[in-house]
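One chain, chain A, appears in both complexes that follow, with chain B as partner in the first and chain C in the second.
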Partner chain A sequence: MNTHPPLLSVSNLKSGYFTRHGTISAVDGVSFDLHRGHMVGIVGESGSGKSTLALSLLGLLERPGRVVEGEIRFAGKNLRALNEKEWRAVRGRRIGMIFQSPESSFNPLATLGQQMCEALMTHQGLSQASAREKAERALAMVGMPQPKEILKSHAFELSGGMCQRAALGLALSLNPALLLADEPTASLDVLAREEMIGLFKEMKKRLNLSMVIISHDLGLIGKLAERTLVMYAGKIVEAGPTWQVLGTPRHPYTRGLLACQPCLDLEPQPIPAMTGVPPSLGKQVTGCRFAPRCRWAGSRCMSDDAFQLRPVLANHHVACVKSEGRDDVF
Partner chain B sequence: MLGIIPQLMLLSILAFLIMKVAPGDPVASLVGGREFMTEADYQRVSRNLGLDRPVLVQYGIWFENILNGDWGRSIADGREIRGIVLEGLRVTLVLVGFSWLTITLLAIGAGYWAGTRAHSWPDYVISTLALVSFATPAFWLGLILILIFSVRLEWLPSAGQSTLGREGGLADQAAHLVLPVMTIVLTHVGPCIRLVRGSVRDVLSADFFRAARARGLARTTLILRYLLPNALTPFITWAGFSFPLLVGGIFIVEWVFGWPGIGRLFLQAAISRNYPLLMAVVLVTGVLVIIGNLVADLLVAWLNPKLRRGHGR
Partner chain C sequence: MEDDVRMVVRLPGVIQLIRAMPLFFRHRLARAGFWVLAVIAVLSLFGPLWFGNDALTPDASRIYSPPSAGHLLGTDQLGRDLFLRILEGGRVSLLTGLAATLLATFFGCLYGIASGMARGWLDRILMGFLDALISIPVILLVIVSQAFGESSLLKVTLVIALASWMGTARMMRTECRTLMEADFIKAAIAGGASSIRLVFRHLLPNALAPLVVVVTVGVGQAILLESTLSFLNLGVPATVASWGNLLGNGMSSVLSGAWWVVLFPGLSIVLTVLAINLIGDGLRDTIDPKHRSQY
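What follows is the complex of A and B.
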């Protein structure tokens, strides 16, 4: 296995939203490691805290949200100790991020060229001319046909797929060590999605890129990620090598997700294979948070440590009391 | 853009009609009454003035005269209307200019300040003041301000645009500007602050702003290139549309403070039935409003690339 220290190491991360109506623990003790050149996929229903996790990693949570506890080590540094100025040297430059809605990655009043150059000039101290050149090269790298023309356009003049490419081009032009992608294909059509997956694959190989990909799209995760984390109600309920998690899922929730992949796209409807909806994250509950929706739930599921991750195989952890030992409990 | 030509035509027809339907016989009024002239004289003068021609032709002649700079003479004192109205316009524009500048600066400053501190007590204070300002009539506020600053404290003059005999003094003119500008600003700035506050909040929570933050851009870049341009577009649009409102407010303020602008001219002309003057004032005010809207339209189109591209092609 990997003997180098991980590029990103998250331990016991807790983030919440502190609203007038109470506290929502959107991320509740998440831990995982990511090595250089690897991809980790995060899946889970809408509202399970995936976006909050991603925003926490980049220090972008805003009131009423904030990181409460835990550690985020990135390339040896504790990111939680950074002040706003130090964060600015990490965001974009060391850790890039792309979002779900491609058009709204860009300022509607400025051209893509202005925005790419501005980022390059901020982080790499380039002149306007060399920033423009570099932006062109970055767009060409992500497979944009006419980079010069694209740089002169506004986001609203491009298709969703083109915008997402441009957003990826912008992020990669700054040579980040880590890329966070929050539902990067959710708003794209089938063709653009395929292209995007191909592009991620290519970039990963070419740039030795490390990525955290959040997606409903288990197909995408299956093709790209070495490890997969399944999130439910702010916690990781299953973590392991992708082929194991998606191939032989151990947690009933993961099985539910796999059983109804199409419904994942139509969030936030309840999943038919599972009854009920995700719990509201406001109140503290003891025991397994998935138990109310689980057809195999029993009395042991109410014990205090029922929702803790436990190893089932080397590298494969599941937060289910029934996953211990035998394979055929369900 | 071309839409302003029919607007101007309509406006001029309106102004012309005011004169036509106004009570009183213009020919008779020249000599003080119909009984002082013979029928032949009456016919002759009417022909000389073109009053025997069809109304449409009269309108054409009148409009041509306006375009040629011949705006006629005031009934009250026989002075050239063009001089009176243009001087009034200049004086009004001074008031409008300073008021608009102050409103803009205050709206951007206070709106930004409140928007970035939403739901804190300074935000509540600003929002409350904005609401109170909106609900205050200019007429009443003007009198209150005169009572406080002119009558009680004797700090500031309450009438005119300069003290008689000291027309040249800049400080004197500035002192005369303070109360009217204050009245206009206080009664108009409220909704502007609320609007900027709202759009600042919208931008702060917009996806593209979060994406920009995720790129690690400098604070000043975020504010000057992302926040302000996006947050001010609605304000500029609204400022253009509400320009007639501002002009209306100015009429009242000019009356209260004896400010010798076009608004006071309008009220004076209306009261003394000085129709040629009234007509010219209506025409000029209308042109002012149309130009104000046009400038706002152009500014918004220039700011908004979607519209800019649309027109370009």
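What follows is the complex of A and C.
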């Protein structure tokens, strides 16, 4: 295994939203490591805390949200100790981020060139001319034809796939050590999605890029990430090598997620959607938080430690009492 | 047709304004308002230079001459040419209105953006304070301001600005709060943009379109307020001509049968404010797709 210290090490991270009506713990004790050149995928339903986790990693969680506890170590530094000014030097420069809706992640009033050059000039102190040159090279790197023309256009003049490429180009032009991608392909059509996946793979190889990919697209995660974390109700319920988590899922929630992926079978079948909704994170519950929706739930699931991660194999942890010690329980 | 389709996609700010211009001039009422205002403004600013000041010296021999070829709009109680007096007054009224609105816009933007970007307690305090200010009647503000120094153009401008910046502040705050949720703002913050960059690069340009509408209508309101105050002798000094002053000083003339001394300054005010409001409506219609079905 990897002997270097991890690039990103999150331990026992807790983030919550503090409102007048009570506290919502959206991220509740999440820990994971990410090594240089690796990708980790985080999957889960809407409301499982994925995006709050991503925002916490960039120090972007806004009131009433707040990181309460835990440590975020990035390249040896504790990010939680940074002040706002130090954060600005990390954002973009050391940790890049790309968003779900590519067209709207550019200011509609400025050309892509203006926005890319501005970022390059502030972060790397380049002159206008060399920033422009670098922006062109960045766009060419992410496979944009005619980068010169693209730089002169506005976001609404490009397709979603092209915008997402440009967003990736912009993020990568600043040479970040880590890239956060929040639903990077959710608003793209299937072809653009395939292209993005190919691009991510290529960038990973060429730039030794490390990425945290947040998505509910299991196909995307399966093709890119070495490790997969499954989040439910603010906690990681299953963590392990992607091929194991998606290939032989141990947690009933992971199974549920996999079961509702549509596949192009010869016989079209109804998608077995999971019943129920994610729990409201306001109240503290004892026992497994997935139990109300789980068809295998039993009395043991109500014990206090039922929702703790426990090892089932080397490197593979599952938060389910029924997964212990057996290869296949369900 | 393609232009129209593009307008429906909400393109904020400068692009929106530039794209709206052809549409704006296709808007009949707005076009009429624009030309009326242009004529009034050009006449007021350059008319006195063009026509000379001779007819403005008091002349007892021609007090209250009715409108005629020599004196287009007649003469006033001191025998001065009313047309020239109106042009002179127009300069004061228009410039005061414009200056007061610009001042109010500047301060309103500052306050609104600060409130819109700050969340939580600061936003609540700023908005609470604004609500309290809005509840103070303008007339009270004016009367209190009488206690401070001689009446002057500067003071009137300040009072009008003080009475009218709240709407802009409210609008900017709402606009900023909406924009702060937009992905490109989040992307900019995630890219390490500072607050100053956010304001000047992202927030202001994208809020420009509604701001232009509010400012335009605000100029009309400011002119109206200036006229009202001057009419009540609470505005510009009595020695300075403004439309409100002309109207106020002319009130007694109506009793002598000199209706024109009051009618024409009144018409100037109505025409100007109407023209400005038509322009404002036109801008709103052309900039905001939601209003476009009306014309």
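Everything that follows uses one rule, which is that the second predicted complex is superposed on the first by the 318 of 330 C-alpha atoms of A that agree within 3 Å, B and C clash if a C-alpha of one lies under 4 Å from a C-alpha of the other, contacts with A are read in each partner's own complex, and residues count from 1 in each chain.
Criterion: contacts are C-beta pairs under 8 Å (C-beta built on N, C-alpha and C of every residue); 3 or more make two chains touch, one makes a residue touch a chain.
The shown structure was predicted, so the numbers you read here are calculated from the model rather than taken from an experiment.
With chain A as the common reference, chain B cannot sit beside chain C without a clash. Of the two partner chains placed by superposition, A:R293 touches none, neither chain B nor chain C. In the superposition on chain A, contact of A:L58 is made with both chain B and chain C. Judged by the touch definition given at the top, the superposed model places A:H35 against neither chain B nor chain C. In the superposition on chain A, contact is made by A:E157 with chain B only, not with chain C. Residue contacts after overlaying the shared chain place A:M97 against chain B and chain C alike. The interface of chain A with chain B overlaps its interface with chain C at residues 58, 60, 87-93, 96-97, 99, 101, 104-110, 118-119, 122-123, 154, 156, 167, 170-171, 174. The part of chain A that touches chain B in the complex is made up of residues 58, 60, 87-93, 96-97, 99, 101, 104-111, 115, 118-119, 122-123, 154, 156-157, 167, 170-171, 174. Across the complex, chain A meets chain C through its residues 58, 60, 62-64, 87-93, 96-101, 104-110, 118-119, 122-123, 154-156, 167, 170-171, 174. Against chain A, the residues of chain C that register as touching in their complex are 9, 11-15, 119-120, 182-184, 186-194, 197, 201-202, 205-206. For chain B in complex with chain A, the residues that touch the partner chain are 206-208, 210-218, 221, 225-226, 229-230, 233, 303-306, 309.
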